[in-house]
Amino acid sequence: MSHVLEISGLVKTFGGLTATDYVSLTVDTGEIHALIGPNGAGKSTLINQICGEIIPNAGHIHLAGRDVTRLPPAERVALGLGRTFQITSLLDDMTVRQNLGLAIQAREGGNFRILDRASRRAEVWDEVAEILRSGTLGARADVRVADLAHGEKKQLELAMALSQRPRLLLLDEPMAGLGHVESQQMIEALQAARGECAMLLVEHDMEAVFALADRISVLVYGRVIAAGSADDIRANPAVREAYLGEEDA
Amino acid sequence: MKRLLTTASLLAAMAVPAFADGTKIGVITTLSGPAGYLGEQIRDGLALGLDASGAAYELVVEDDGRDPNTGVQVADRMLNEEGIKLLTGIVFSNVSGAVVPEALDAGAIYVSPNAAPSGLAGAKCHPNYFVVSWQNDSLHEASGAAAKKLGYTTAVALAPNYQAGKDAIEGFKREFGGEVTEIYTGVEQSDFAGEMAQIRDKAPQVVFQFHPGGQGIAFLKQYQQSGLLGTIPMVLSEPSYDGVILKAVGPAAVGLTGTTHWNADFDNEASKAMVAAWTAAHPDVPLTTYAQQAYDTGLLIGAALQKAGGDGDIAALQAAIKSAEFTSTRGSFAFGPNQHPVQDWYLTAIEADAAGNPVIVTKEKIREAVGDVYAADCKM
Amino acid sequence: MKREHLILLAVFLLLALVPYAAELTGQTSWTRLVGQALIYGMAAASLNFILGYGGMVSFGHAAFFGIGGYVVGILYHHFDAGTSFLGLIPGTDQMLITLPAAVIVAGLAAALVGAMSLRTGGVQFIMITLAFAQMFFFLFISLKTYGGEDGIMVRRTNSLPGLDMKNKATLYWVVLCFAAAYYLFLRRLVQSSFGQIIAGIRQNERRMAAMGISTYRYKLAAFVLSGMGAGLAGALMVNFLRFASPDMMHWSRSGELMIMVILGGVGTLAGPFIGAGVLFTLETTLARYTEHWMLPVGILLLIVVLTTRGGLMALIRRLGGKR
Amino acid sequence: MILLFEQLLNGLQYGVTLFLLAAGLTLIFGIMGVINLAHGALYMVGAFAASWVAIQTGSFWGGLLSGLAASAIAGVAVELGVMRRLYARDHLDQVLATFALILIFNQSTVLIFGRQPLFTSVPDVFSGSVEILPGLPYPTYRLFVIAVGLAVALGLYLLINKTRVGMLVRAGATNRQMVRALGVNIQGLYTAVFALGALLAGLAGVMASPIVSVQVGMGDEIILATFVVVVIGGVGSVKGAFVAGIVLGMFDTMLRAFLPGLLQQVMPGPEAQALGVGVSSMGIYLMMALVLLVRPRGLFAARG
């Protein structure tokens, strides 16, 4: 089994603060790898380095076998990297349909055409219609994103990320702010997408993590202190201490 | 004579009933922004000059905002809608560069009371284009001649870093002949402390500077504050020490040397009449050379209108203006081959009056009947 | 859609009739006024493409306007003098050559400015575009060969085969056709694949990057396209005025273009043209009645900002009852 | 050597003037998020009011007080009448509104004072010059301007770092929401900051009035350089405005003074002069472009 993502010896410091401290981890094809850890453990910093929004001080990131450590974000996407954001990040003034359309248009390319009509690109809109038919967003297709409920935005964001057909999907707290029912829907959606791509899941919701993850890595103060299956992690004393210590403080 | 003129204007008035209350003259000038006072001087001087000529006229005044676009827009309306055949008033070369061709192509006449870009003085001269003021270069040549005549051999020359500034220093150098250190200043610079330090460092025998309007005020104030005034003499061309600048600078200006084509103390009837008329009409506003040029323009236009009987016959009006049959406030005046002035230049000193305020006193004539270097290129 | 086409056609026909109407009423200067407003409208619309659709607030757009104009001026200067630019490129007065040349040169300048400026964003972008425009301004002010601050005269409007460009109405119609074509081009552009990506970048650049869009390249392309539009407008303006001067690229001109866009309606197709028309007409008409025209213009602008949201286009829409 | 020192002083004096203007602008920008193009108009108001009163009464100090009062009042009027309605709006609306204000201020000044530039002389105490180094007399008034500028810088430092209002101002520049959350009278704070900014701009205008020509539009010329200072210093940072103002003032003065001479070493005189001045006019813009390419948010960005 090959690694979709391979991180080795990654270091990132901000001033005196070490946010990422020699982190190494891998995500395999088809795998859901969860990354957990208390607040301030450096999870978002790590995600942003994988995406290319932050450039590490040392170490390497390989995506599908290629060294992408210093590539700009867009080129990583071209190599098969998709992501969702901790705080949903969509095109608020456009409708659900337009958001999906733009995502597929971005994937399809040909976007330096200045005299075509984006609204007539069949390859784009057929697929949008298909996504809307199959998902739960169909009824809300022509609503402005700004007017969507929080859970709907999360769903749309996932749909847009999946429509990119990524090899690896980075999910930055997809459950954040969701109610119980919505969380269940999100877990189902992610389960359904399991076959399509590998995922690196950053999440606080342990129920979701244990339901979804094949492997779990625990990040504390920028360091991976434990990695393994769900059961391994549950039993790991260092993890318990880190979490309990956090709760005491 | 006077009755004849009146009859002529009466005839003109009858010939063109639409203009029963006088020939319309379009005045496009800069009235807004920092340079607005220049346009004011020109507008008011022009009106007084026309009044003095006794011609029947009507001024149509509009602001160009120092913007060529606006200037052309105004010119178009005056020429094509209001049927105006005679334009004047522009202060700045960049506006006249756009407006003058517009007027000429419409078959109208333009008489400049101030701006005289070199581009229109040489090969591109035109029978319907007249300049009453002066060509830029001759202005500064006079200062060079003055500095030479006063026996100086080393000078520092300062001017803003645009074309007119470069022309100024070129003109000064042409007649001065001594050793000149050139310093160019910023186009919108208002603090010259750095230049003052450089002047002190160079310690020349004389300083020549060309900074019209607000820049000139700032320069002179700072020259005094830096203690250079009274240490190193300064020679100025007329735009750098007009009455408004002197009023603003106050006693700090006393002791400077200037060159000019006209001064308020000129001993001729026309000039005295103008000074009297101005003082009566605008007691609080100094009379500058801008107003004087406009006054002369008014006299010239007025005389020509009377001779040609209005603007019904443009060719006749053109010929009347070309003949320049008017009594200029500057004494001798004639048009050169490119219809720019051929005139005398004077050395003046700025002295203190009884109250300690600066007055410009004419000293001597330093150049006689000079035209400009571009006239040779004009084939009309 | 149908209704929009009808309105566009009607507006075009009305504008085409302006020279006749001007002749009939004796208000002949309206031809020039409307022509100049159309050209400013083009320049403002080109700015609006990056500002309104792309979210890039350029405060140096007049630089490209001026550069386009100077290309026409400089080519005419060499044509007139029988010399050549840098001893290499001969001058010309053929509009079919000068306009494309102006567009290309303005595009190159925009590529240069954009490549550097687009590394920043927000107010820093505003200031750095202004800085580059100021550099161009100071450059042209010190070019003695081309008139320095006095500017450069273009004694005759460029020629187009088969047309009498000396005729003011003809020149006006040529300008109108360019303005109409440019409007249609922009209308198409914002609906194109490229236009959609640009709109996406304005709303959420980070999201677009996460979808694999190299936002810098798209923004640069938009900046260049916009600069080319401004160059075209500048070239037309010099043909219309028969004069090019550094005033064209003064920072206040950039500000004026921005004001036209905001006044008309940011991110609308017709807004910049309406803004240009209204501002220009207001200035010239008020200037006929008072030397202090700046005061009423200022007060009117202030009222528009305070009472409308989204400029005159928003007002028109509200009156039209569309929203 | 003496020349160099004198030019440094000149640069310092230009620098503190820029600082006075930039300090208010950067605070207004940082705290209210408003791009105030009309800041230069407040500089003009200060200069005109001071000059006019000085001419009428013959007292520079009376002029100083009236200039400060007039600009502060104008600032408060602008805040209450216009800006308050625009905080929630787009930056572009603020640009249009403040542009309109420039037109209104300029033309009103013409209506009130006419088009003739005004003149005030240096107060008697500061007329003449002091020999600060052997062979280097320096105008006393300019030394006074430098002293005032530095004193204001110190005062602002104390105000911002040692007082409760200053704490709010600092907090506002970094995080607007937080100040709101603290339950502070935001409206009052905004008006106060705007008045302070206007006061500083007015002070700059008053200090400049005996040196430069007091005329309509004088504010429009200096506002560009002020924006450059704000951006180089980092939006919202008074410290940045101080450092950038001084550095820019020195840099500009040094370029103008010495670049043409340096160029003359390598090329013929007149061309060197023209090129030198051309480049020094562009100097501050070049510097801004360079700074922004290296630090896109300026030297001391207040916001993260």
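In order of appearance the chains are A, B, C and D, and numbering begins at 1 in each one.
Keep in mind that, in the parts below, a residue touches a chain if its C-beta (ideal position, glycine included) is under 8 Å from a C-beta of that chain, and two chains touch if they have at least 3 such contacts.
Everything numeric in this text was worked out from a predicted model, so none of it was measured.
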**Request:** Tell me, please, which chain's centre (mean of its C-alpha atoms) is farthest from the centre of chain B?
**Result:** A
**Prompt:** In terms of C-beta pairs in contact, which of B-D and B-C ranks higher?
**Reply:** B-D
**Message:** Measuring centre to centre with CA averages, how many angstrom lie between chain B and chain C?
**Reply:** 36
**Complete:** Per the C-alpha centroid definition, the whole-Å distance linking chain A and chain D comes out as 48
**Item:** Computed distance of Cα centres, chain B from chain A, in Å
**Value:** 74
**Asked** What are the residues of chain A that contact at least two other chains?
**Response** none
**Request:** Spell out, as numbers or ranges, the residues of chain D touching 2 or more other chains.
**Result:** 106-107, 110, 274, 278, 281
**Complete:** For chain C, residue numbers touching 2 or more other chains are 138, 142, 294
**Prompt:** Which pairs of chains touch one another in this structure?
**Reply:** A-C, B-C, B-D, C-D
**Prompt:** Of all residues in chain D, which touch chain B in the complex?
**Reply:** 2-3, 6-7, 10-11, 13-14, 106-107, 110, 114-119, 121-122, 127-129, 137, 139, 141-142, 210-213, 215-218, 221-222, 253, 256-257, 260, 269-270, 273-274, 276-278, 280-281
**Fill in**
chain C residues touching chain B in their complex are 26-29, 32-33, 36, 138, 141-142, 144, 147-153, 155, 237, 241-243, 245-247, 283-284, 287-288, 291, 293-294
**Interface residues, chain B side, partner chain C - complex** = 31-32, 61-63, 65, 67-70, 72-74, 76-77, 80-81, 93-94, 97-98, 101-102, 117-119, 124, 161-164, 166, 187
**Request:** Flag every residue of chain D that touches chain C in the complex, lowest number first.
**Result:** 29, 35, 37, 82, 85-86, 89-93, 95-97, 99-104, 106-108, 110-111, 220, 224, 227-228, 231, 235, 274, 278, 281-282, 285-286, 288-289, 292-293, 296-298
**Fill in**
So, in the complex, the side of chain C touching chain D is made of residues 51, 57, 116, 119-121, 123-124, 126-128, 130-132, 134-135, 138-139, 142, 251-252, 255, 258-259, 261-263, 266, 292, 294-295, 297-299, 301-302, 304-306, 309
